[in-house]
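Each chain carries a letter (A, B and C) given by its place in the written order, and its residues are counted from 1.
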Amino acid sequence: MSGPREPDAGRGGAGAAMHEWIARAYPICRSITGDGVRRTLELAREIVPLEVHEVPSGTAALDWTVPPEWNVREAWIAGPDGRRVVDLADHTLHLMGYSVPVRARMDRAELDAHLHSLPDQPELIPYRTSYYREAWGFCLPQRVREALPEGEYEAAIDSTLDPEGSLSYGELFLPPTTGAGAADPAAAREVLISCHVCHPSLANDNLSGLAVTLWLARALSAVERRLGWRFVWIPGTIGAIVWLARNRERAGRIAHGLVAANLGDPGRFHYKKSRRGDATIDRAVAHLLAGRAGETGVVEAPVIEDWVPYGYDERQYCSPGFDLPVGSLTRTPWGRYPEYHTSADDLSLVRPGALAGSLGLYLEVAALLEANRTYRNLSPYGEPQLGRRGLYAATGGGGEGRDRQLALLWVLNLADGEHDLLAIAERAGLPFARVEEAARDLIAAGLLEEVEPR
Amino acid sequence: MSGPREPDAGRGGAGAAMHEWIARAYPICRSITGDGVRRTLELAREIVPLEVHEVPSGTAALDWTVPPEWNVREAWIAGPDGRRVVDLADHTLHLMGYSVPVRARMDRAELDAHLHSLPDQPELIPYRTSYYREAWGFCLPQRVREALPEGEYEAAIDSTLDPEGSLSYGELFLPPTTGAGAADPAAAREVLISCHVCHPSLANDNLSGLAVTLWLARALSAVERRLGWRFVWIPGTIGAIVWLARNRERAGRIAHGLVAANLGDPGRFHYKKSRRGDATIDRAVAHLLAGRAGETGVVEAPVIEDWVPYGYDERQYCSPGFDLPVGSLTRTPWGRYPEYHTSADDLSLVRPGALAGSLGLYLEVAALLEANRTYRNLSPYGEPQLGRRGLYAATGGGGEGRDRQLALLWVLNLADGEHDLLAIAERAGLPFARVEEAARDLIAAGLLEEVEPR
Amino acid sequence: MSGPREPDAGRGGAGAAMHEWIARAYPICRSITGDGVRRTLELAREIVPLEVHEVPSGTAALDWTVPPEWNVREAWIAGPDGRRVVDLADHTLHLMGYSVPVRARMDRAELDAHLHSLPDQPELIPYRTSYYREAWGFCLPQRVREALPEGEYEAAIDSTLDPEGSLSYGELFLPPTTGAGAADPAAAREVLISCHVCHPSLANDNLSGLAVTLWLARALSAVERRLGWRFVWIPGTIGAIVWLARNRERAGRIAHGLVAANLGDPGRFHYKKSRRGDATIDRAVAHLLAGRAGETGVVEAPVIEDWVPYGYDERQYCSPGFDLPVGSLTRTPWGRYPEYHTSADDLSLVRPGALAGSLGLYLEVAALLEANRTYRNLSPYGEPQLGRRGLYAATGGGGEGRDRQLALLWVLNLADGEHDLLAIAERAGLPFARVEEAARDLIAAGLLEEVEPR
């Protein structure tokens, strides 16, 4: 599969296109259920033909229950003078997610118990939700909150919590096009790419992940695949829980997985390992990031972090009952950039170049996973004579072409049916791409056969 | 078992009490057999109801034989003028342990062959013994030795080496009070706490260990226990050999063990690992000491050292035939403080505060061993919904209580029947006590069940 | 086997003798086949009674075929004035190895396509071969090449490539003289010492290895051996391939092995691990070199390097089908000294002292491999009473002889049938020789029995 890297050529264009898509999805008022998610998935269908699933409220899912569907028409606070001091129409973050309906007059002190702001970031609106406890609230800048005069206020939230509603999520499966999986896609080993879709107007923490995974899916749909690629765009936590509950058997076929988020900020890449810590996906991303550490223009080394049971939906995929090989590949992780979960996580925080770079890395990971096979040297006793196969510099004693030859020798030496190409690249200290190239040359020379990985 | 920590409250008082007990035991002339040990064990019975065992001289024990019982009434050297220049009545270190009886006149040169002193520490009396080779000798300050005039001396040692005597040691077993072990104490998993009891007037190297282990035994006797706790107060080497010979089957039930010594000096803690190196006791003490390294007022980090087949009775417990999980937890180890095995190892070297701190650490180790169980998450597929169980901050997006939640999530994530709580604390980088607290909360919520450790 | 170290006594003499032997072998025009190898092996037979094997050209060997035998009578280039500007008679490096016969006139430009020189080392003749592609060429200093005038040249190479010839190599097997192997030498565990014999006038890269391995073989032939010692002096690559093809079953009995080369330069020692990385030979050489790092006069620490599938004939021995425990022990490795593969690798680069030091290290390795047995403590429950066996300082409390006692205790503690003496030395941090001495004392005391290693 040399294909996945091709979109890199148009990476600049892809970055701008992803940013434009994010700008269109940004104003939508999303939550873990409701029309906001549906409208977002509709926008996503412009990029790839994902399927939208609707799961009725009240459905049991593992230890959880799908909550009532939440929608809101309007929400505002009017001040003593009747003017609206906070209005959902201005910014989706102004309303606490899953606020119950309210229409009431109250004095400033009573109102204040329902307000959320950030004393340390007085200009920003925070992001708050209350999915599983009935409550209502408004979020606003600390500066605005402090300026609210005494007097009577009116709070209005025209929301619905519909027990007959449903939770929506998107899914796309790209079956294998070649190899054993192509004959029986239902039994294919799969790669899971998961992205949450439930945050309202937050550009990096949500929409950047959506854009990069959509463009990744589009790129992979156009190339040869030996693995099945399953994309899920789901509400955080409850969406992953629902998907796992509906796909318990399928989960056993997930060979690799990534949770995508925070892929548009200009920060360096961070990879958080799966619970297993040494899964192929862990080794693959670490290998590619290590190779980038020395690249020109990479001023800050990428960061590899150990598993912790906190974060995004890797929490669900890596719960001990499933223990899937799923890590999380982001730029700056959640909670570590000052704009996180505030109105400053906006369209200016995400950059076309950063989005394109993230897409490029995901494509590299995809190319590695597709190409990472296990081989057996068919001439394992002594070195095969590379010279008569045109694979060796003919005049001894010189030093040319040694790098390429070294890759050939490493593959021949370690292709014992135990080491996959990634393991060979790791031990040789060579880039995966060079090792893969050597393997292709040796296959062409009839010196390698593919074996089932152990 | 939250109980073992309670004595900490009175730690100041315990320190003073231990020091008083040491002061009473200090003048007794102890050796590996004889009335000195018996009188010391009698003092110990004021603290806990230990049982005294008498093993006849001549009894075969593994590769050894119990030696004749040694006692001494008086021992002195009289100078040319008839005055006593060295007298056992002044200090028990003046007589080489196990000296055979003698009553003889000799010149200064002949006498000198029986004298021991320390040229580099001319004011101190050294500690010498000759258990297994018949000899006699006196120990004295180099300064005194050098001042002995020429002339005729008389050496008198009124000692007995009784082949009909016996070797004495003390033992206390605290059976489990709860759990499976309570029903069948003889089959319970045991913790062995071993302390030598054979040194004469040496305060740190012997009596500090005696005091701390006696007070530990008293504290543990008052609390709930799932493990059996076996204390042995034994003569060094031959005592451990004898105990092992008489308890070969029991040895197989020892799940954890510590050899206690040098616990009253003001030095930092040192832990010497068992031969296995990765036994639970090794991990437990290392975890607790690592947690202390960052504490306020801890100016010198505790030291963890690898096994060496030299030291105290861990040599016997960790011999390859037994290979028990027994380490040694001390303050400054043997031979590394200048007062070691000299008359300067006296009542001023051991401090009430140091004794209390040592007791506190032993109690922490005990609490950890008792609480270190293995659990299985009963809701292992996805995260259980903590919110409806009151275990989760209800309003998303905020950051409060995250530490406590993190401990809950780590326990749920790693409670797969393979990790004990200590392993969870190690991987999470959290204090054991916090992990244990999280486990208790999850048990109360019906989310964990205990399993037999692998 | 205390014998192997004895030749150290005459090390100065051995260094001079090896250098003299190298000086005699230096002028011979060697290649992978032909009379040069035969004459060299004849010189080697003056040192040890090796057997010379002749393998016919055309013989299939693993993936390879033995090439035609190459010999050359004369080779030169005459300039426009008829004078010889390059002549094999002056230096064996002047002719590219395996040059096909030629007798032709040509202009300077046509000639130049057949010339090899080193622009960065303009005074030196490079070393070039073309074993498996028909070609001819001459090697000369860049300075000489640049001074060649325009005009007509004559190139003459009177060589033969005989398809009815053969490839020659030398082999010597020293069977075990004691132990189980002595009764059945054909089934004995063997040590393989391999050295290439195919380079022409290059002193360090070839002849130094030959000399040290010949002297090693002579030393080992004079002492007691429990292992079989197999020496092969072979043409590089094809020789190892041929030997492996003819000895596939024997290869399975190779327990340890070293490829010897570059042992006469004054550089520090380098050890390149086998493909396995943790074979006994890897641990043995690393242990001995680590011990040397602190020796007086060792200004540069020895270097331990990981396996790479490039280098000398370890490439063949460590191919995945064989995967033998064979490392490579050299001074400065190939390609890392400026004289490498040039006419500056001459008799002044190799030093008698360096050769003697290399022989000394190989003898130490041999002594370790011979002595590295696995024992079981026959008194494993508790410590055996060393005192009554005369193995313990009789008066307790003192500090003398502690090092020796520590070695005794380590051996007793770890002699559980799982640890060989090398593993004990590694864990104890003691020199192997001290551990071996302790084992001998314990055997004499009846406390150890040898067991078959796991």
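Here is the rule we go by: a contact is a pair of C-beta atoms (placed from the backbone, for glycine too) under 8 Å apart; a residue touches a chain by one contact, two chains touch by 3 or more.
What you see is a predicted model, and the numbers here were worked out from it, not measured in a lab.
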More than half overlap in residue numbers between the two sides of the chain A-chain C interface, or less? Answer same or different. different
Two copies, chain B and chain C, superposed on Cα atoms differ by a rotation in degrees, nearest 5, of 120
Express in whole angstrom the distance between the two chain centres, defined as the mean CA positions of chain A and chain C. 54
Set of chain C residues in contact with two or more other chains: none
Under the definition above, what is the set of chain A residues touching chain B in their complex? 62-64, 97, 126-133, 135, 237, 240-241, 244-245, 248, 275, 308-310, 315-316, 318-323, 335, 341
Write out the stretch or stretches of chain B touching chain A in their complex. 377, 379-385, 387-388, 394-399, 402, 405-406, 409-410, 412-416, 428
